[in-house]
Amino acid sequence: MARILWTGVAAAIAASGAVVWAQQKSSAEGIAEYRAMLADGNPAELFEAKGEALWKTKRGPKNASLEACDLGKGPGVVKGAFVELPRYFADTGRVQDLESRLLSCSETLQGISAAETAATPFGRGEQANMDALVAYISAASGGMKFNLPQGNAEERKMFELGKRIRLQDLPDLTKNPGNGIGFAAWPAYRVSSGELWGMQRRLNDCYRQQRFPYPGYGSDVTIALGVYMGVNAKGAESVAPSIKR
Amino acid sequence: MADPMRIRAQAAGDKATVRVLMAHEMETGQRKDAAGKLIPAWYIQQVHAKLNGKDVLSAQWGPAVAKNPFLQFMIKGAKAGDKVSVTWVDNRGDTRSDEAVVT
Amino acid sequence: MHTRRHALSTSAKLALLLLGAGALPAAAQAQAAGFNQAAFDAKSLADVMKALGSNAPAASGDVTVSAPDIAENGAVVPVGASSTLPGVKRLLVLVEKNPSALSAMFDVNEMVDANFSTRVKMGQSSDVYAVAMMNDGRVLYAKKEVKVTLGGCGG
């Protein structure tokens, strides 16, 4: 879909006189055109390819791959997992988002320390591998609709916790913002830094912008926010990983 | 060894449109790090492509090409099943080659 | 002539081997690999053409530069250069106000269309040029102004 849009826009620009277009378009339309031109060939795809390789590669002290990791739809099932996270996992006894689930799977299956990864600065070492895995797993649910489970009491508790946090600390956003907006647009490739940001990093930045201390990588508070936003995004299509300025 | 490229080659009529994403910092050499020191230039200088082993594309790039570069070009006479390979060489002499099959 | 070209290509292959062994100084590396450093150091369109040893460029409706009117972030600006004219030897992409004007240079032969798209960094709003160097020595160009904005809401 994005490819057709890009080709159409590019063809239109090439075919018409550039000066005429400049005078007829508003800034908002201009920016929309710019974003459409970038949507085809999103550098996030480089991270997706790396993530797929990481998922299937034997690594860590236990020399195992992540292919036995259960992201909520059964061991090794990647397609459709992203749009149902965060959710409750019986083996860990808690609600987990994608990143905290990858932390526990990496530790259990591969022997890679979750605490060490959580303490690593964004974009470096194992955190860089997380960026790639997050890109790969979210892309596997591209176009699917968000449908976080709320059948478990823990899941509902997290929703209520997230709602309280959301309304206290951050701008109010209680409605479903629609396809590919807000929650449905992360992870994303940020062109300004050429980095792939997962939801955890985005939340980290939100807290920083609010001048609040970051609650910690994969903490219950960040997962609760994910549950609240994800449930509110029910039915919205995921476009992750998307491309942002 | 640099990260792999993403190459997609689609045939339509008598040509194939090739779209490539390359993983590269494309550092201009004009940015400064936190300590105020210049970060050395590090960028892809040459890009070559072949169709079934025959040279088709030759390009020279400067550091102004964006990070994680995107490239699109059209190969005449390419059809589904043909092999497209893309190679880049950067100013440090590092190189990377990847291949894709035209669909 | 044939001997010189043959000798150059052999030395280029040797240079690449030495490159791998880290045995060549940087300047020699760039030279040996066939990269036109002078063209990429040139500041203006005129200087770029001089470095490429070609004529002064003339505006032409047969060359097309594709770029957005506004780039939300100058770090990544999609640009296309194309021409439907026969006999195009090279297509260039230039950003006038960048520290060095030349961004990219594409050789055209009978195997590829004279039509390339890539993405460039723009330090500020500027004219972006697509330049076609023809086999018969003519140099033709098209230009478009691209506004760069870093501001705006959302993310």
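Here the chain labels run A, B and C in written order, and each chain numbers its own residues starting at 1.
Criterion: a contact is a pair of C-beta atoms (placed from the backbone, for glycine too) under 8 Å apart; a residue touches a chain by one contact, two chains touch by 3 or more.
Because the structure is predicted, anything quoted here is derived from the model rather than measured.
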Pair sharing more residue contacts (C-beta pairs) when A-C is set against B-C: B-C
- request: Could you name the chain whose Cα mean is nearest to the mean of all protein Cα atoms here?
  value: B
- prompt: What whole-number Å value describes the gap between the mean CA coordinates of subunit A and subunit B?
  reply: 27
Task: Provide the C-alpha centroid distance between subunit A and subunit C, rounded to the nearest whole angstrom.
output: 36
Message: For subunit B versus subunit C, what separation do you get between their C-alpha means, in angstrom?
response: 14
- request: Provide the list of subunit A residues touching at least two other chains, using ranges where the numbers run on.
  value: 191, 194
Message: If a residue has to touch 2 or more other chains to count, which residues of subunit C qualify?
response: 75-76, 78, 80, 117, 119
- request: Could you list which residues of subunit B touch at least two other chains?
  value: 66-67, 70, 72
Statement: Within the complex, subunit B is touched by subunit C residues 19-20, 22, 24, 26, 29-30, 33-36, 39-40, 75-78, 80, 95, 98-100, 102-107, 109-113, 115-121
Message: Which residues of subunit A touch subunit C once you look at their complex with the stated criterion?
response: 10, 13-14, 18, 21-22, 25, 27, 30-31, 33-35, 37-38, 191-192, 194, 244-245
Parts of subunit B lying in touch with subunit A, wherever the complex brings them together: 3-6, 19, 21-23, 25, 66-68, 70, 72
Task: Would you tell me which residues of subunit A are touching subunit B in their complex?
output: 40-41, 43, 45-46, 49-50, 191, 194
Query: Within the complex, which stretch of subunit C touches subunit A?
result: 64-73, 75-76, 78, 80, 82, 117, 119, 142, 144-145, 147, 150, 152, 155
